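The two complexes that follow have chain A in common; it is paired with chain B in the first and with chain C in the second.
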Partner chain A sequence: MKKQRYTMKNGIMIIAVMFLLCILIGVFSMYVGKMNLSPMEVFQTIVGNGTKKQNLIVFDFRLPRITLAILVGIGMGVSGIIMQSLLRNDMASPGTLGISSGSGLLVLVYVVMFSTSGASSKYLLPLLAFAGGITAAILIFILSYRRGRDISPTSLILTGVALGNGYSALSLMITLKLDKTQMEFAQRWSAGSLWGDHWDYLKILAPWTLLFVGYAFYKSRMINTLHLGNQTAIGLGLAVKKEFTGLLVAAIALSSGSVALGGNFFFVGMICPHMSRKLVGPNHKLLIPASGFCGAIVVLLADTITRTISFGADIPTGIIITVLSIPYFLYLLSKS
Partner chain B sequence: MNSIMTDKLDIAYEEALIVKQLNMKVPHGKITSIIGANGCGKSTVLKAVGRVLKPKQGTVYLNGEDIKKLTTKEVAKKMAILPQTPTAPSGLTVGQLVAYGRFPHQKGFGKLTDEDKKIVEWAIHVTKLDEYKDREVDTLSGGQRQRVWIAMALAQKADQILLDEPTTYLDMSHQLEILELLYDLNRNQGCTIVMVLHDLNLAARFSDHMIAISKGNIIKAGNPMEVMTSHVLKEVFNIDAKIVEESETGRPICITYKLLRGVS
Partner chain C sequence: MIVKRDITKRNKKRKIKFSLYMLLGICFLAISFFCSISYGAADMNLKVAWGAVFQFNETIMEHQIIRTLRFPRTVADIIVGSSLAVAGAIMQGTTRNPLADSGLMGISSGATFAMAICLAFFPGRTYGETMLYTCLGAALATFMTYFFASVGKKSMSPQKLVLAGLSISMLFSALTSYIAIKYNIGQDLTYWTAGGTASAKWRELAMTAPVYLLSVAIAVTFSPSITVLSLGEEVATGLGIKTNLVKGISTVVVFLLTGVSVVIVGPIGFVGLLVPHIMRFFVGVDYRYIIPSCALYGAVFLVGADIFGRFINKPFETPLGIIFAVIGVPFFLYIARKQRREFE
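This part shows the complex of A and B:
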């Protein structure tokens, strides 16, 4: 008889391996960058014997950046898996639901209105990016809502794509008016530059991400049931509207948080759920941690690559991810 | 005694009223089939009874209780519903899917208790799926897959099972296999079965009670002998049907029919 492809035991093993991999890349990532530190120097610095310069590099540059990469990856990975399973569509992701272009638009507005005037506080940009993502998502829901009907995944995605194009058009209009430095910031943001690598930001993003990932993990049984389809879920006694809304809010909150500080990493939200399904199967108790760690590994790895290899210019992390994952994506498409 | 009863049920999609003032009774412990032409509202009625669709007005009673006054979880412990074409996520095994049937009985994170596991084993055994337990659902044939979904409904331990065209897309022998399974569940496990069926002869052969619906109204309800008459079929399907009693089962059977023209 054919052996079972996915078991709980294997799944936990795979997640443990992913966790270790994440730590390994994180440790490796500490050593590399524009200013090379030897492993010994990093170790000495961490235990408290570093010079002033080493302290600065490790604690103020590298560690927050690594932490941000991990948080953004987890946020995108978990957000993606929730959206794909709730909407039962492999193309669903924070990107297709218009969250990316929504927050992108507000980032541009910020660049135009505040960056030159100096009136900005350091929390304004992430707040605006966050608000843009949430607003876009809410708008999509309002527009695809039909009275007395279930929320249809197809209409959500179609509305998301349509609105996303609208946002992009508006963004383009604004972009045309930018000067060179403004333009550069906007472009780096939309390519995914992990710009918010400062402890002040991380103090907010870390509990935010943990809270919603914890919620989603706690609700993994509900996602399993919702994944069977709304009708079957109702038959099984799930309060579909309530759980669906709660989980979608969590997914939107996670991706908006990641977008606000990391920039555009939506490919992670689309690819990582796919990979995790292949690795651990359809049970969300395994899928949610797997997709989160997968996201963390991908973002962290890409960021380490950008910092290790010089491409001649300062390449944003997101570009590396997109370039690396397109072959995988094409492979997926050719197989299905 | 009735296990399910509707009182003046109005069901609408958007503004269009599909079912008006429907009073339907489903006898307890029996097999009931709802028959009718395409678009007559038979699936709609089943969905409203199964609370998938919210009726515009009226009440559905489950064992005498107003379904609106029960939580959806409480309803799920009493009534299982199988949609017309349910889909299982790829990679899910038979055992795992059937275990999802324990959902309304679980709390919190939902670890399967020993009792849950026993019930899942039982549901798999009754539906004769023992050897497929570790197979992935999407690698099974249509008939086997339908048995898996029925097993999931069984694991819910609900006395009432609602099925929307459980034999669609199945060949003749697999249709029979599913209906014989449902018959067995009814006679030996005490499940009340309510289903929408397209095949009149199979409906007449396996049902204790039939409900013929046309344009959202019940034309006739009763035992197969009362419902499978040329008069009723004329009104429901606009056909001129020849009905005889099949000697082996003693049930009415439609041997041939003609379309009636210009009457409707």
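This part shows the complex of A and C:
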């Protein structure tokens, strides 16, 4: 009976449950925070009968933040699953591949060169973070490329670790020149604080994420084939190089977008693919949406926790995710 | 008999080669030592430096600078460089892992975490207490890294160790940034993390020097056993080495050496990776030679890097950690690549 475990029907059911859960947490997340609003008040505000203060809280603070958390989670989850499947390595993620440290460096450069709250900054910062992520990814691929061979996952990860170290040294050099406010921003950003919770940013991130997730979902059959190994995929008549590159660019684009507005959330990109693989099995048609929702749930949940339980200071969401998910990662490591 | 004579002859040859390298290293160290105390924000010539060391005169300002600032700084460089290099060599030998380094194993992040706790909760701590806590932090992180790399069905592979080190580092740095944000000590911590010996004082050096000397002495005493252990655990057991004892002692030595250097300069990565590999290239794979030469050349490297850091962006100083990362990353990539070639 074991063969029956991962059927399409079951998978769709699980994804539907995840979707509902996501909405449920999102709704719950609307009520909690520094200012407590009762469910009735929130409902009234959404319908349009709120006071000015309630409008402000719901539409300008909570709703954008929740949307951001969901988008970042989806982006990270989907980019994680693409990377892990393409490289056929469980440890691959935007973080271990050094992409987030690349974005981090350019964000720091930005913080030093421009102020954190300028009008021009709205589009520049996400763009720079994206550029940083892409550069890091290209560098890693060039460095681990060897003529006439497949890129081995281990070499990719080791190169990623090394480059991550180099990037953080450079970041450190820049950090030394920061003043107190810049320092605080940089620190929070790198810990993953979901800072870009403003509609202006979301207007860019939402189509961006949807576009690439859509692309990945559309190509999910290709991923299924690529997952079998490059040789097999070639044998099955797939234009491996083209599909591989396209999907990888999509993965990098997704993670860079999330990193730019959310901060370092790469643990989501490592953990969620595993969890969803356990839930829905190896078919990427189910895996990609499952991993995306899983990411959204994790980030949203962590964010709700940070906003509900006060840890004495406003603690970035990323820290909670990291601390909670490292044990799982270590468990995976010991099993692999 | 002929074979045996051949081996003794080769051993002798190697010994002579080793002594030559050591002699050369001492010369290098002496040169860099005098360079380090004479060059800096205020330049002095070698003669003044010489005078400050051997005919100290309190009324001369230069002599004062050298005695209170540059001299302790250089001594700190020496201690840190050679401790990190020896710690790296021991780790590479006992784990048979060419990628072992105190920074990559999460040790530095553990020590940084301990330092963050010290800065946040014990403002009135003494120097000895700081040292104790950072050593404990380093020990905790190493223990966790080794533990998680060794549990599981397969044995501990270098890649697994690096990944375990990575995740432990991430865990500790997440906790560190929590403390840093909550208690607003981010900037202090960053200055400490950047790694600089400029603030080294005699009193601190006097406390760390005995620990350093003792650990290096133990390391040298145990170097023959480490050589045997580097051949593989089964071989070592077969040759009558108490592997657990040697491993335990070398781990303690690694903690002590890393703790000492972390408390003086903060975490510097890659020294422990670079120096042993370079030394292995010159003196061979025998840890009886590698460990002493690492102690010597590690010091030379760090003093050199420190002088370099003072010059490259004058009058600002470039932190040691950054210099070593810039050299170390390409080197790490090279080794990772070479090692794969051997496995494939």
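Methods note: the second predicted complex is superposed on the first by the 316 of 336 C-alpha atoms of A that agree within 3 Å, B and C clash if a C-alpha of one lies under 4 Å from a C-alpha of the other, contacts with A are read in each partner's own complex, and residues count from 1 in each chain.
What we mean here is this: contacts are C-beta pairs under 8 Å (C-beta built on N, C-alpha and C of every residue); 3 or more make two chains touch, one makes a residue touch a chain.
What you see is a predicted model; the values in this text were computed from it and never measured.
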Touching partner for A:L228 - first (chain B), second (chain C), both, neither: first
Touched partner set for A:V323, first chain B, second chain C, both or neither: second
Partner chain(s) touched by A:G166 [first = chain B, second = chain C, both, neither]: second
Partner chain in contact with A:I309 - chain B first, chain C second, else both or neither: neither
Touched partner set for A:L143, first chain B, second chain C, both or neither: second
Which superposed partner A:M113 touches (first chain B, second chain C, both, neither): neither
Touched chain A residues, chain B compared with chain C: C
Chain B versus chain C as contact partner of A:L238, first or second or both or neither: first
Chain B residues within the chain A interface of the complex: 12, 14, 47, 50-52, 54, 71-77, 80-83, 86-93, 96, 100-101, 103-104, 106, 109-110, 131, 134-136, 153, 156, 162
Of all residues in chain C, those that touch chain A in their complex: 99, 103-104, 148-149, 151-153, 159-160, 162-164, 166-168, 170-171, 174-175, 177-178, 180-182, 186-187, 190-191, 193-194, 269-270, 318-319, 321-322, 325-326, 328-329, 332-333, 336-337, 340
Residue ranges of chain A in contact with chain B within the complex: 1-6, 146-149, 218, 220-221, 224-225, 227-232, 234-239, 277, 281-283, 285
For the chain A and chain C complex, residues of the former touching the latter: 91, 95-96, 143, 152, 154-155, 157-159, 161-163, 165-166, 168-170, 172-173, 175-176, 178, 180, 183-184, 187-188, 190-191, 267, 311-316, 318-319, 322-323, 326, 329-330, 333-336
